[in-house]
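What follows is a group of structures, each given as structure tokens.
Next come two complexes, and both contain subunit A; in the first it sits with subunit B, in the second with subunit C.
And now, the complex of A and B:
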């Protein structure tokens, strides 16, 4: 109240002396008002990120540095002990290796398939709108339902994939040595969970890319064609540089989603057999929630953070440089 | 205890406080007995509500019965009962979120994954309820106590366990001259002879509940132990463990196919029902599924409580199911009364579950047991309590034992040996992991 009174007196004073700049308070200058307006607009987003991302992150950091259990969350500080415990475990290294293979492998495949699909969908053909709509189905289906469908298709006894391959005489009948056990043979099991992730994710990559491609002015492409640029040259020298910001954001999103994808592995194999598909999210869940060791589970899940951080920094800095 | 301390003797005068204490306890005890006999809660329950969290039972008919039972119990006692069924693997996450929020269900069921040790400081002390039930229905199974007890107090009430017996095809066994299988060696022999005829066996070498039960049953029946009885020291590094691993490797090579590395909890059910398996080691839900889907196979499917190891030991590893209530439960009395009512209705529960729910209290094993006693094949399970152990055996179902269970260290040890890993190296690796888990819980 006192402040507002003071502001009123200042305003009156400013009028009385005929517009002397010195008496205008700093927060009423046009620059300050612009800043204030900008920060006010930004505040909801900052608040949202702080509450929904920052707070859980800090809480998981607190858990990771404590001996918290599900029944005793108010725990003692143990420093980096939980991280040390994870690094002493052989299972952790297996999960870390699988996580990297899973993320990088699935990322590359989604990139390749998504790009191919985006270019195909860019071409005019009858029913293109319907195909584009159908494309999003894998991404929009509830994950539990689609993964259970794949579980049946990968079943060791009743697999429709094996049945089809067998009918095509590409493999023997059930019980023969070349009958694939998709979720049972270590490399096949990891490939299978990656495949489901790719199946689910590559339409997203295609749509992101498609959005970028449609934003490229056709005149630019035509000019490149007139100049004699091949398809690959047009793609790498014209299209990619123009849609790079969209590609960066899409890649960042996809990497985060893949690296933290618990559902597919949990529902298909739960990390088995013998850790062949164990990834950091499943290990963290089984240790932190199912075994109740919250601190150690949080530490395992936070190993994802240093894995992601450098990649995200590089991506965002590149993006900013391009904008500058 | 307090009664005996304050009760007047011949030589002591009867004080007003002592008189009131003794008579008060007597009245309360009599009321409780009346209440139990009438299956009706006291008046203060009227108008309250009771929220119950439980799993989706593998026998859907049991869930229908439980929902109906709860409704009738609620109507009788003036309590609004609501039961939420969720998949059993989702229960631990739900417990964690309810505890963190300090709000949730008034009564919850832990299934297979036992969290009494982790949460007991925040669970209602149910010792009086456990004692009352023990007086009424005989002793609790000794091996079950660690599911509900911490430091001698009961924080959860065992409801039932799931037995995982041997289910074997008599017609196939007869065809290879193994007519009365009793030992693991008999089952290995049958699988060896029947696999070339298109009838292999299978036990999960994967990350699922059945893998945890099945390989532990083999391990314990061979005389191996996870820990000492105190649960403090790991005792898995033994010649019995080596023998069990050697046996499992031979049984896999001779009698199974690589499919078992991908199996989940239902795969062996399907293997039996499809007519392929010569035997499986599974809950009787597999028996019931086969009854419903393949009567010809069902006709020839028989049961053995557990196969015996080389020393004659038989240890079946059951899946315990227990009731617990948070201290922040809004209806603690309702939770207790409901648990008592459900144990009182054990016979009906066994019938509703088609013999699936095995009781924890001795008197419930009086023959003929409902759902089992009148069925020639299932009747062999009427002494299942004598051969049932639980994870961590002979130690308690403690938090570190739970972590060893949920990280699948035992099935993974068997898997690696089945895939050709050298037994000594594999044991060193996995027992090392177990030691790290137990050490963390000691220091943590």
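And now, the complex of A and C:
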């Protein structure tokens, strides 16, 4: 479908050159003009993104192989020294392990809670819109802001959670050994930061899944019913394959953001107590910016890349298939 | 006959009530977990200082009369006003940069049948997924080369790195839904390519443009790392960073003012985001949902 607009233009062109269409140079042809126009429109966005995402990404590869610091702008090439230093420090392995536990553990919980919630929200009931709007608050509130609320709720002494648990006699009084200090005890601290991530992410999982489920045409499910498929068969053979692309995209998105988010851990524990919640993002920040070792920091953050890559590939492939 | 006619709707209604009760029962824990932190933050923001630190009374309500004092502290003894102004000015600039770049790009990708348009579109969108945690160290160098460190201008330069890819993708999807006929009609009437875009397509595209502006704002508000890494002067910070870093003196947290400052900006952002959430979801899932 060439569009009547461009056809009209070529007709006019032909008239202008007295019918000698053949001599119109290639850059004056309607197609060439459309391409020129199109790439001109694209240029600002592509340039901005290339200069401030593409180039910095390549620059981070260079930085990671240099001894650059915040104070010293002249850097020397040190090869893979920064990567070697990272792999030789115990804190790196602690951070890597925590990152994996955090991402996988929180991911599973978000999946379970999100699925349950999505099936609840799929039912028609009075007040559904209001309930949905309230349920997505954790996801829509700016992350740094909600984390501050959680920091107050996890206070070592005036935690409202502890107050309630204590009144229910599930834990002892303040000062007793079974009074949990959420952000001060290693295992509890890791569980707490994971919990805040789950709190923020489960509405997203639910909404993405819901969007997938509502996009399955009811006729398809009815057809399967008529053909004698049981509920489980309908679910695994019809619904899951149909919503799989959306599920992939949602999971990949959430994983990329969970892996790369620093604000929850930074604001709640800053990696403590004693490295119990240190994750690669906080380690990269503390080494690269706080301690000023840009090269070291860049190397640590680049270790995230192989972890992020599967998510990005899944997204790329699913989106491309969707576009076809 | 008559009794049967009455009985049928009643049992139906009873069934409906029971179904609703079950659904609400299932939803209750989710709702409590989702909403309680916000309620608790609001109560904290309005409590008097001594009321925050009592363990002998029920903390869920006011044991001393509520007060605006925490807001007063925020506005008169901190840089909160500056943070709000910074946040607003940053958002205006980021939205402007995003619109100027993403609108033409989205239009070109959706409409002009360019070679490689599909891959270019996906390529631009993928840059949205290159996370700040990988880019913030090299960008720190870019920011200091531009001599923008410790000024909110650094964030004006950096935030479009994620708003442009997202909004280009979103607008690409949007322009695909604008009927081609109106553009062709304009071309027949003698509009050039740019004229057709400017005078015919853009005026009917305001829902898409509004969405792009809203996301420039809400996505910028979700940032923490860039502002933390690039801005350390008190009166240059945007609200989330300012509240998170300036209302703490050593080990002392000013919880009342912290919660007040957090919610005052957080709630409007959450409401805006909430209204546009479906567009966000269909945006990231590509052509999956119309």
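Assume the second predicted complex is superposed on the first by the 243 of 324 C-alpha atoms of A that agree within 3 Å, B and C clash if a C-alpha of one lies under 4 Å from a C-alpha of the other, contacts with A are read in each partner's own complex, and residues count from 1 in each chain.
The rule we apply is simple: a residue touches a chain if its C-beta (ideal position, glycine included) is under 8 Å from a C-beta of that chain, and two chains touch if they have at least 3 such contacts.
What you see is a predicted model, and the numbers here were worked out from it, not measured in a lab.
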{"item": "Residue contacts on subunit A - larger count, subunit B or subunit C", "value": "C"}
{"item": "Partner chain(s) touched by A:271 [first = subunit B, second = subunit C, both, neither]", "value": "first"}
{"item": "First (subunit B), second (subunit C), both or neither touched by A:289", "value": "both"}
{"item": "First, second, both or neither for A:104, with subunit B first and subunit C second", "value": "neither"}
{"item": "Partner chain(s) touched by A:41 [first = subunit B, second = subunit C, both, neither]", "value": "second"}
{"item": "Touching partner for A:85 - first (subunit B), second (subunit C), both, neither", "value": "first"}
{"item": "Partner chain(s) touched by A:307 [first = subunit B, second = subunit C, both, neither]", "value": "neither"}
{"item": "Partner chain(s) touched by A:298 [first = subunit B, second = subunit C, both, neither]", "value": "second"}
{"item": "Subunit B and subunit C contact sites that coincide on subunit A, given as residue numbers", "value": "70, 151, 157-158, 289, 294"}
{"item": "Partner subunit B, residues of subunit A touching it in the complex", "value": "67, 69-73, 78, 85, 88-91, 151, 154-158, 175, 181-185, 189, 269-275, 283, 286-287, 289-296"}
{"item": "Residues on subunit A engaged by subunit C in the complex (per definition of touch)", "value": "3-6, 8-9, 33-35, 37-39, 41-42, 44-46, 48-49, 52-57, 59-60, 63, 68, 70, 113, 116-117, 120, 123, 125-126, 131, 133-153, 157-158, 160, 163, 174, 199, 202-203, 207-208, 211-212, 215, 245-246, 249-250, 253, 256-257, 259-263, 266-267, 280-281, 284-285, 288-289, 294, 297-298, 301-302, 304-305, 308, 311-312, 315-316, 318-320, 322-323"}
{"item": "In the complex with subunit A, residue positions of subunit B that touch it", "value": "92-93, 95-96, 99-100, 113, 115, 118-122, 198, 205-208, 211, 257-264, 267, 270-271, 274, 276, 399, 402-403, 405-408, 411-412, 415-416, 419, 429, 432-433, 436, 440-441, 444"}
{"item": "Subunit A partner contacts - residues on subunit C that touch it in the complex", "value": "19-20, 23-24, 26-27, 30-31, 33-35, 37-38, 40-41, 44, 52-53, 55, 59-60, 97, 100-102, 104-105, 107-109, 112-115, 117-118, 120-122, 124-127, 129-142, 157-158, 160-161, 164-165, 168, 180, 183-184, 187-188, 193-194, 196, 218, 221-222, 224-225, 228-229, 240-241, 243-244, 253, 255, 258-259, 262-263, 265-267, 269-271, 273-274, 277-278, 281-282, 284-289"}
